[in-house]
Structure formats: structure tokens, C-alpha cells
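The letters A, B, C and D name the chains in turn, as written, and every chain counts its residues from 1.
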Amino acid sequence: MGILEVKNVGKRFGGLQALSNVNLSVAENTVHAIIGPNGAGKSTLLNCFVGKLIPDTGSVMFDGQSVLGRSPHEINQMGISRVFQTPEIFGDLTVLENMMIPCFAKRDGSFELNALSGVMSQKDIIERAEHVLEDMNMADKRHMHAASMSRGDKRRLEIGMCLSQEPRLLLLDEPTAGMARADTNNTIDLLKEIKEKRDITIAIIEHDMHVVFSLAERITVLAQGTPLVEDTPENIKGHPKVREAYLGESA
Amino acid sequence: MSKSNVTRRGVLRTGAVAGAGLAVPTIFTASSASAFTNEPTGSSVTLGFNVPQTGPYADEGADELRAYELAVEHLNGGGDGGMLNTFSSKALQGNGIMGKKVEYVTGDTQTKSDAARASAKSMIEKDGAIMITGGSSSGVAVAVQALCQEAGVIFMAGLTHSNDTTGKDKRANGFRHFFNSYMSGAALAPVLANAYGTDRKAYHLTADYNWGYTTEEAVRSSTEAMGWETVGTVLTPLTQTDFSSYIAPVLQSDADVLVLNHYGGNMVNSLTNAVQFGLRDRMVNGKNFEIVVPLYSRLMAKGAGANVKGIFGSTNWHWSLQDEGSKAFVQSFGTKYGFPPSQAAHTCYVQALLYADAVERAGSFNPCAVVEALEGFEFDGMGNGPTLYRAEDHQCFKDVLVVKGKENPSSEFDLLEIVEVTPVEQVTYAPDHPQFAGGALGTCNAGA
Amino acid sequence: MFGLDKRDTTLLLIVAALVALAPFLLNPFPENSDLAQFNAGYPDLMQRFVIFGIFAIGFNILFGLTGYLSFGHAAFLGVGSYAAVWMFKLLSMNIIPAIVLAVIVAGVFALLIGFISLRRSGIYFSILTLAFAQMSFALAYSVLTPITGGETGLQLALDDPRIIGQQVTEGGNIPVPSLFGLEMRDSAELALGPWLFTFNIGYYVCAIIMLIAFYISIRIFRSPFGMMLRAIKSNQQRLNYTGLNSRPYTLAAFVISGMYAGLAGGLMASMDPLAGAERMFWTASGEVVLMTILGGAGTLIGPILGAGMIKYMENIISKINKTILHEWFYWMPDGLEDAMVSIVYPFIGKGWHLTLGIIFMLVVIFLPGGLVEGGQRIANFFRGRKAAKQEGKGTTEPAE
Amino acid sequence: MDAIILQILNGLDKGSAYALIALGLTLIFGTLGVVNFAHGALFMIGAFCAVTLSRILTLSHEVIDETRKDFLGNPLKVDVPYVYDWFGQETGDVIIDWAVPLSILFAIPIMIGIGVIMERGLIRHFYKRPHADQILVTFGLAIVLQEIIKYFYGANPIPTPAPDAFVGSFDFGAAVGMEAGQIIYPYWRLVYFAFAAVVIGAVFAFLQFTTFGMVVRAGMADRETVGLLGINIDKRFTIMFGLAAAVAGLAGVMYTPINSPNYHMGMDFLVLSFVVVVVGGMGSLPGAVLAGFLLGILESFASMREVIDLIPGINQVIIYLVAIIILLTRPRGLMGRKGVMEE
């Protein structure tokens, strides 16, 4: 029984069957990659996990509880954090403030006003946030505007924000898309380090085989909205069906 | 700290403190400086002309302002003297008011009660105006009138036609020369009965706000007294521009008269639309379909263009009147500006003169003295025949004009022709008439 | 001080000083000079400055922080003033119950409208708020006339009950709003040579309330709540995926800013006991949007500056007429004088709207951050001379 | 029944005006992403094109008529239009009479010119700025434009009648053999409806069937992609702005005989047209047209006496009420696209 159990999920957009019959089980404390050619339905599937989309059929269970019908913030509170394809951070806020928000969320739950307590008195939150920033090697950037950082740093910040919530499942949507090689490698190292330090399950959607094979412990290949194979990286590498799917697309 | 209710800039403006030492701060006290708000102590007196300068009534406001400028000129002895020569009271000498030169400040009411009050307040507080006058709608008149009552200055209403101004919202410090909804109804009804017969079915379109309500009520009750039947009344929003959906149902009703209780842009559009729908050419119940516009103004007639031809309405005054007062006013206004004055200009001009005359006769600028001088004042030579400023409600009682859109206008100003001058007796009502019920004048407030 | 950091304390003290000394600062010209026309230090306008300042501060809490552009905020101001005037009619002329009720009623009204409107975002939210406000205006002007006074506005009458305190003054007039006997319209005057300064009780009451309102707004800006609101503006999606539901935050901001509007409405009625329906018309809502953007949305002091600017234009520029122009330019040769008058004339008096439109355009074209940015540029210019290029650019404070 | 048919006609007629203005707004918004608060002012300027042309046509010289007197008792100065001198009184009268339709020719180049100048000189610099800035600058521009018009033409409405040929009404009832005089509708309003239909049809056809239109539609869908294809989309957008201005202007020209134009007519329409655009769904041209007609018809029905008696004040609020209901049931209006103007 995995921490994330996907059964029979199907989703249709008008005339397009985006997902059909998806079955998937992500085991606890593993890195599970979902790969597939463009348009295979990877992002659609991910959106079904976080409440952004509701599948037409099937179920998505996290730790024995259904996530369907819950709003994104409720799903997050269950212990799922998501990293987006383009880093989604609070661009108008400073790096430190970016980090403080998940810390508040962790402490106060969904909604607390705190309208009259000044930032200065929030020592514990600031300390926590600073601590995470140090972990992420970003302490020197704490007063920068988040929007003015490099893409790699934004990604790092976003991952840090997700981690500060201590999620049980971290969803990564093409975390290295559009990154330079050096940034990609940094991100891989960061993820490896995270995996080493914590008990955390990571589900990663990725296009870049280099990233996938550096990190994943299990891989599911998605093609035309349905899982093709699921296996270890070694076995996937030479799998004929996978080659067909990829070559078919590139031809 | 000393107390004063409103400031009296006039005191300093006129140079009374010219010699005061720079080093020693002087704190004025209200009681020692003056007996009432903005008492003029120097050689001049400031009047506040509060007219719409922006918004849909800006042109009417501009005409009011022209009239005021002319009035100030005449009061100060300039120009040909205008109505000062025909006015029955001879207290004014052409040397200002009580020997003080008349100065004025202007403001923009924007035809909004808030803005109008802000503008009036600034005239009272900043410029030391002793009297506020002007305006082109009843909402503004009522709001500014209440303000003047509070501040202790006189308010001489400009164009305001709602019964409420001298009815439920009357104030001791406020005076209205313009006629009102009741008078329109009373003057129109006999003329209408005469022209269109007493067996008529009327359909009212009424602007959905206070003035509309009082006008509809007045016209209804006086036409119904003549035997007309009211078959429908519909309220239309102030912000309406296209009245087609209100006009079309008239076709389905068995009404043979349409009464448009609209003013300004509403009236221009509703009349234009009514004519578009061919109502003028219609035959209903074997009679010609007719349209009536209770309150006419030349500017509105101009906006509606050829559509006004032959349509009855009432008006306070018209430049084609041939009495001496009207002729004198038209002469001096026309000479100065090149076109004849509107009824708004006329009422404003007359109000300014009446105020000055009242001060002169009272021998004091004190608002309470002025109120006393105006209450029950009878005068003539101002264009509407013998007129009474009634003490009970501060409303002028005078002849009312019933007019009709002219078939062959000779110029863009010659749009209306006078059908009848309704004598004052016919439009007079008791102060406690139900259409004016509620409210009380209170007592005059001199401020300070 | 007061739980604020040093910069904010300084800002608050500066604003307090400016507000306290406004009667001097706004009357810089001697009474008899030609420039006295530009003096703005008379009670009504000073009151308007601070009241609209409160309105704009409140609006900025919603728009500046969350980015939700409400186009119907004037409705809350209108409702607040109706509530206050009704208090004057029914209860007493003391302004405290009137203001309290104004704030409460506006808050409830905002809760209702906000609850519905905040189901949508972006322009759809703007149009929903606009629709609610326009409905309020239309109904208040027409069918609700018995409650609102309609066209003429809701005003006091001699026969109002006023169960506490006097119903009619000894002189037979309607009493005026007061605070435990201090009449709002009372003023003291100080003449210093040719200068005349007016100190009005109503103004100082408004000023103190505005300072409190400003202080609360600083606290909100600097609080975790304020940070959440800024996070909503910055990236609502991330906030949701961080386990936070943005709706309660936006609704709280909406209600708070509605209560600010109600406070402004209540104060307006307390200074001048009349409530007109035009207060709720869409142009009035648009005005507060313009004030905020003109001053600098999302900054603390910007909305106050914007409010002052627009009210100054409305009350001072609109009163300049041709006669005054001729007085100004009398020293010129005749031909030149007439030429100058005819050049300037379209922009003043009845042309004040034109000037206002031009200013909107100039500010937004050249100072995208509003008047505050203008101030910053000037400050940077002087600072730049001293400390050449010590810091470079990246120091734009998010909320200053 | 007759009453309902008449109100549908009224609704279609009002709807045509709303739809035309909303169409232009949506064109600008959809292509340029700019919230244009000056669009109502363009409508108003269109109307004043008609006023201006009829003033030009009636430019006169004075002839003193000794037999008649003016109001001050001086000999009356009679204005004789130059067109009388050139074409004789009869032809002259016909030309003056047809001023409004002639203004279409006059207005198209002027409106396109104004649109292009506006886009090049001002709007262009605001593509990347927040919507709030766009609102402020275009609102400022709208005020400036309307104050300029007020300066030259005054605040009073200026009657601009339709040609005599279009005065009067068409009797639908009589045409289909029913009782005459019950379902009549003014010719000019029918002309306006037909005109609106033609303009709307032309705009759609233009976008649908020309390469230019295809590129613009692609640009509305995804601006960056089209830019990547190496197509100079900016230039095309300038033309679109001119086109939208022309549509608004023509709507204004043809509207003048229905209601006398005044300087603030643009502001009167502005809020309403924004409601229409949003109810239709931001960025959707068919949505704008549909919402225009829908709101027009509903507004007409709400102004019937029977309806008002049932729900007092409904005619005051119907448009806003409908807008609220539609926006709450359909998150992006009738046909709006996801993600447009939702931040």
C-alpha cells in the first residue's frame, strides 16, 4: 500500500481523452518519476493530485484518504506540497517573507488574522524561516526581492518553501525545465540532499532523462493518457515500449 | 480659545487689520467682531454664486453666472441699470449695497448636493460670502438651503422647481423666486383643457426622484380636477438615456396624452424619442395624440430641436415678454452677451437684486433683518407682474407663463411662444396645502 | 514606539505633525494677496482632506495589498453616512454613536457584498462590486427615498425625535453635531499680521481619527496579516498550494476597508449632517480608485496625498474665475494680459475637470508609482548627490 | 403580445448600441490587453463628428433682413448657408438634411486617425503596465477629450435629426395584416439596428476570412507565439485600435438622431458597456455581442409598467442584477476565456 494510490483515473476535455485508466502507486519514502512524451497527460495527472482538476472517473487516495473534491489548500494541509514547472513564488515579497508564509501556515493553520501583531514580534517564525534559508544556502539573499533572483534561486526558494512545511509527499512538476545545465545539476544535488536528510516521498514529473535517472527509484511511463510500464530505472532504460513511445513521438 | 461658528475672512480681506502689528498675534473673538456670520466690515461685500459649471447643466449654470455678473454690474452702478430702473422699490442707488461695493466669488455645484455644499461652505468659510445663490436643480437647492440655515447666511435659490424647496424642506434663511410644480400644474391644466378638451386620458412618464414625484402629483391633481383621467404612470431612472422602452407601451395603452415629467437631458431624450415613435401623428379615441412637458426651459427646447414644436409646457419667464422690466433686462443682457437671457438667468438676476434691495431696506446685512425685509414683500417691475414674497413659506407668488414650442422659429433662441400668462390668483395655494405638507421654516439664523 | 519600527514611527510622527500644523501649512499666503486664492486652510476643505484620506487609506488596504480592485467602494461611504444621519435624527447629535453605527453598518454591508463578490477575481470582481454599488445608488436615489431622502439627500428636520439631548435649539433651529458639547463647526482664529489661521474643532476630531486610522493601517501593513494580503496580490496560487485559503483573508481586508469607508462616511455626516445619494455613484467609487493610484497604490502615505490632491483641485481650482485671472495678470500690458487670461481660462473654473484629466495622464505616464514615486525620485536625487552610488537600485521598499 | 414584440424590438435596438461599443472595447482588450476607459469618449467623438459635419454644411454668412427685427429691436441678421449659394436652396437643403449619413464618410478617416494616434502616442506605452495604470491614463484621456468637446460645443444636447426620409415609423402590424398602429417602429431605429448588424457582421467576417484577421485572432489567443513567428503583430494591433475606434465612432454617428448628443454621453455609456463586456466574458467578441443584445432586451422588459408594478425599482437595477447573477453562475461571463483578467 503506497502513500499515494491512484486507481482507474480518467479525465476528458471535450473530445480529448487526456487520461484513461491510470493506476499508480507511490511507495512511501521513495522517489517516483512519471515520464512520457509531450501531451501524455503528465501534468493533467498531477493536477488531479492537488485538487486543481477533478478526474471524471477513479479515485486518488493519499495516506488512505481521498483527495478528490478538496480544495488545493486542504490537500496541502494533508501533507502534499507542490513545486511548479515555472517557479511559483511571491515575487513582490522578499526572500525572507516568502519563507515566512509557509511557516505561518504551518503554525496557524489556514486562517489567522494577527492583524495587529507587528512582524518584529514574530520572532519564532522569523527564526524558523531563517533556519530554512540557511539550510537552502540562501541566507545571504534574505532581503532580496524574490522576483529579482535567477531562475535557479527561485526554484531553490520554492523547494525550500515546500520543505519548510515538512510535507510527506513532494510533487515536482518538471523542476528543471528551462534551466541551464549548471542550475539543473544544482537542483539534482539539492533534491538528493533532501532525500538523504529527510523521510519524504517525492513524485517527480520530468522530461529530462538525465534528471530522472539521477534521482528516481521507480519510474512510470505515461503515453497517450495511460501508463505504459512501471519499473526500476535500470529496466526502463532498455524497454522496447518506452523507446517506441518516444521515437514515435520524435518522428 | 475663543469661539466662532464660521470664519469671517471678509474682515481681513477688506483690510481692516492692515495696521495690526506683525509681532503680536491677535486672536479674534466672534462676539466682539461681529453680530452675525461674515458681517462685512470693509468697503465691500462678497456674494457667493454657486452654479453648475460642470456636468449636464453646465450651460444653464453659465447663463446664471452671466446674469449674476450683470446684476453685480448694475448694483455697482455700471451698465444701463437694467431692472433697477423698473423695480418698484427704489431703495437701491447703484452704489453697491449700503454703499459697499459688491464683489463675488463663484463655485461649481456639479449638480450634486455634496459638491454644492462643499462649494458653498468654502465660499462662506474662506471667502466670507454673506449670501449664497444659484443652482439648477432642487436636490442642490434643498441641500444648500439647509446648509445656509445652519451657517447663518441667506440663500436665494436659483432654478429649483420642486414643491419641497418651499414645502417640506423650507428653511427660514432660504427664499425662492422661481415657480414650482404646483404652479405649473395649476397654470397648465386650464390651458390644456381648453386646447385638448376635458375628456382626455393621460399617461405620465416621471423622473424617479423627488422633483419628478412632486411634478407628477401637481399635474395629475390639477388635470384630474379638469376631468382628465390618468391611465398610467411609470417612473424612469435618472440615468436613463434611451426612453424607447418607456414610450413604446404608450402605443398599447388607450392614452391620448403623454405627460413627460422630465427635466434637462431626460426631457430632451424622452421628448425626442416620443416624437420618433410618431406619437404626434397618432389618432387615439378619435383625437389627436398630444404631448405635454410641464417644465420647459429654452436650453432644453434647444436640445430637443424641432421636436418641441407645438408642445405645451410652463415656464417661469420668457424673454419675449413685453412688460417694462423684462424689456429692460433683455436689453441689457442682450447688449452685453449678444443673445437673450434664459429663465434661469432671469430668476438669478432678480434674486440678486431682491437680496440687495432687502438689505438696503432693512439697513443691515444681518440675515434676520433681511429675512424680515423679504417676508411679505410686494414688488413689481421684475418681469412677472406684481409679486409677493410670502412670509409663511418664502415662496414668490406671481404670474406663470404657459408656453408652446414655436412652429417657425426665427433664431436658435426663438423657440417658445407664450400662450397664456396665467394670473397669480390662479396659481396661489394655501401655505398648508397637502402638496407642501410637513416641514417648518424654523427661525432665522444669523450665525455667530 | 507603539509597536512600530523606527521608519514607521518617523512616518507616523511626520504625518501627525503635518496634520496638526495643517491650518498653518495650508494657508501659506497672506489674506489680501492675489495668491490667497490658493489657500486651502479653511475648515470644510481641511475636513475633506482628512476624511477622504481615511477613505483612501481604507481602500488601499484592499487594493494596495491584495490587488482586488473594488469599483463600488463609495457604496460603503454612502451607507455609513446614511447610518450616521439617522442616528442624528433618532438618537442624539453626539457624533460618537453616529460614527460607531456608521462603521458597523458599513462593515455588515461590506461583509455581505464581499462575501458574494469575492467568489470572483480580477475584472469580474470589479464589475460585481460596481454592480452592487450602482444598484445601491439607483435605489437610494429613487424607490428608497423615504429612507434616504432621494434626490435631496437625507437631512435633519426640526421634528426629528432625537431622544437624547435637545431636539431643537433655544433659537428654534436644528442643533449641530457635537462631541459632548464641543460643536464640530466651532473654530478659533489666529491672526498673525496679514495671515489668518483657522483652528476648527471638527477638523481636529477628524484629524485625530485619521491618525488612529493611519496607525492601524501601518500595523496592518506590517503584520503577518498584511504580509498574507501582499502574498495574495503577488501569487494567489502559491498561497493556496501553501495550505492557506485566501478567501477569508480577502474578505477580512474587504470588510476592514469597507469599515474605513463607513468611518469616512460617518465623519462626513458628522461634519455636515447631510447624506446624498451621489456619494454612491460610480464616479465617487472611481474617485477613490484614482486617489489611491494617483498617490501610489500599496504605499502607506500615497492614498492620503492622492486624496488631498484631488480634493484640492475640486475645491480650489474650480473656484478661480475670469475676474480673478484678470487680477493676477493685471500687471501685464493689456494685450498680453488678455492673451494670458484666455490661455489659462480653459483650465480653471469650469475647466477644472480638464486640468484633473491632464494631471492623471501626466502622473501615470511619468510617475508610474504615483506621487510617492515622485517624492522618492526627488529624495533619491538629493541622496544620490551625497552618497554617489553606494547602494544602487535594489532597495525599493515594498511598502513605503 | 404586441407589447412584448415592441419591447423585443426596443431591446434589439438598445442592444445594437451596447453591442457596437462592447465590440470595440473587446477588440481593444482582446488584441492589446488594454482596458480602455476612453472608449466611451470615442463613441462620443463619433457623435460629434456628425454634429461637426452638420455645422460645416450649415456654415453661413449673414444677410441683414430689414423687414424683421431681432429680440433687441435691431434688424434681423439671417444666416444663409454657403451651400445655398453654391447649390441653390433646394439641393442645399437636401445636403444639410443628409448630414448624419454623410458623416459616416467623414467620421471613418477621422476616427481611424484618432485611434491610430491614441495607440501610437499613448496606449502603446501601457501594454506592459498594470491594468490599474491603464484605467487611470485612459480615464484621464476620456476626461480631457470630453472637456475639449465641452469647450467647443457646450454642455447642452445638440439636436441632430435624421434625414426627412427616415422620419416616421414603419407599421409592422399593418404590414402583416394585423391591426394598424399597434406595432410601429421608427425607421431610423430600424436603420440603426440594420447598420449595427452590418458592422458587427463585417468585423466578424474581417477577422474570420482575411489573413490579417487570422493573425489578429491568433494574437488574441497567444500573443507571444505569434510574435515568435516573426509577424509584426504590433503594427497590426495599431490597425486594430484604429478599427475599434472607427466602430465606436460609427456607433456614435448613427446614434445622434436617436438621442441628441452631448459631451458626457460617452461616460453614460462607459459603465454600461463595461458591464456588457464582462457579462459577455472578457476577450470574447461573440460574448460581447450576445451580452449586448441580452441586456438590451432585459432592460426593455424591465421598464414595462406591469413589471415595475410587480417589483418596484426593477428598471433601475435590472442590468446590474443580471450582471451579478450571470457572473455568479458563470465564472467568466457568458463566453469568457479562462485566465483573462482574473488576476
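Descriptive notes on the structure:
Keep in mind that, in the parts below, contacts are C-beta pairs under 8 Å (C-beta built on N, C-alpha and C of every residue); 3 or more make two chains touch, one makes a residue touch a chain.
Predicted model, so just to flag it, every value in this text is computed and none were measured.
Listing every chain that touches subunit A and subunit C alike gives an empty result. Comparing per-chain C-alpha centres with the mean over every protein C-alpha atom, the closest match is chain C. Subunit B and subunit D have Cα centroids lying 35 Å from one another.
Mean C-alpha position of subunit A lies 73 Å from that of subunit B.
Per-chain CA centroids place subunit A at a distance of 50 Å from subunit D. Listed for subunit D are residues 316, each touching two or more other chains.
Across the assembly, subunit B contributes 58, 208, 235, 237, 239 as residues in contact with two or more other chains.
Multi-chain contact residues, meaning those touching two or more other chains, do not occur anywhere in subunit A.
Chain pairs recorded as touching, per the definition above, are A-C, B-C, B-D, C-D.
The touching residues of subunit C, when paired with subunit D in their complex, are 63, 67, 69, 116, 119-124, 127-128, 130-132, 134-135, 138-139, 141-144, 236, 282, 286, 289-290, 293-294, 297, 346, 351, 353-354, 356-361, 363-365, 368. Interface residues of subunit B, counted against subunit C in their complex, comprise 1-7, 9, 12-13, 15, 17-18, 20-22, 25-28, 53-54, 58, 61-62, 104-108, 112-115, 117-119, 121-123, 125-126, 137-139, 142-143, 146-147, 149-151, 162, 164, 169, 208-211, 213, 235, 237-239, 439-440, 442-443, 445. The touching residues of subunit A, when paired with subunit C in their complex, are 50, 71-73, 76-77, 81-82, 84, 88-94, 97, 100-102, 104-106, 109-122, 125, 144-145, 148, 158, 161, 165.
Interface residues of subunit D, counted against subunit B in their complex, comprise 2-3, 6-7, 9-11, 13-14, 17, 68, 70-72, 76, 150, 154-159, 161, 168-169, 181-186, 188-189, 258-260, 262, 264-265, 268-269, 299-301, 303-305, 308, 315-316.
For subunit C in complex with subunit A, the touching residues are 3-5, 216, 219-220, 222-228, 230-231, 233-235, 237-245, 248-249, 252, 256, 394, 396, 398.
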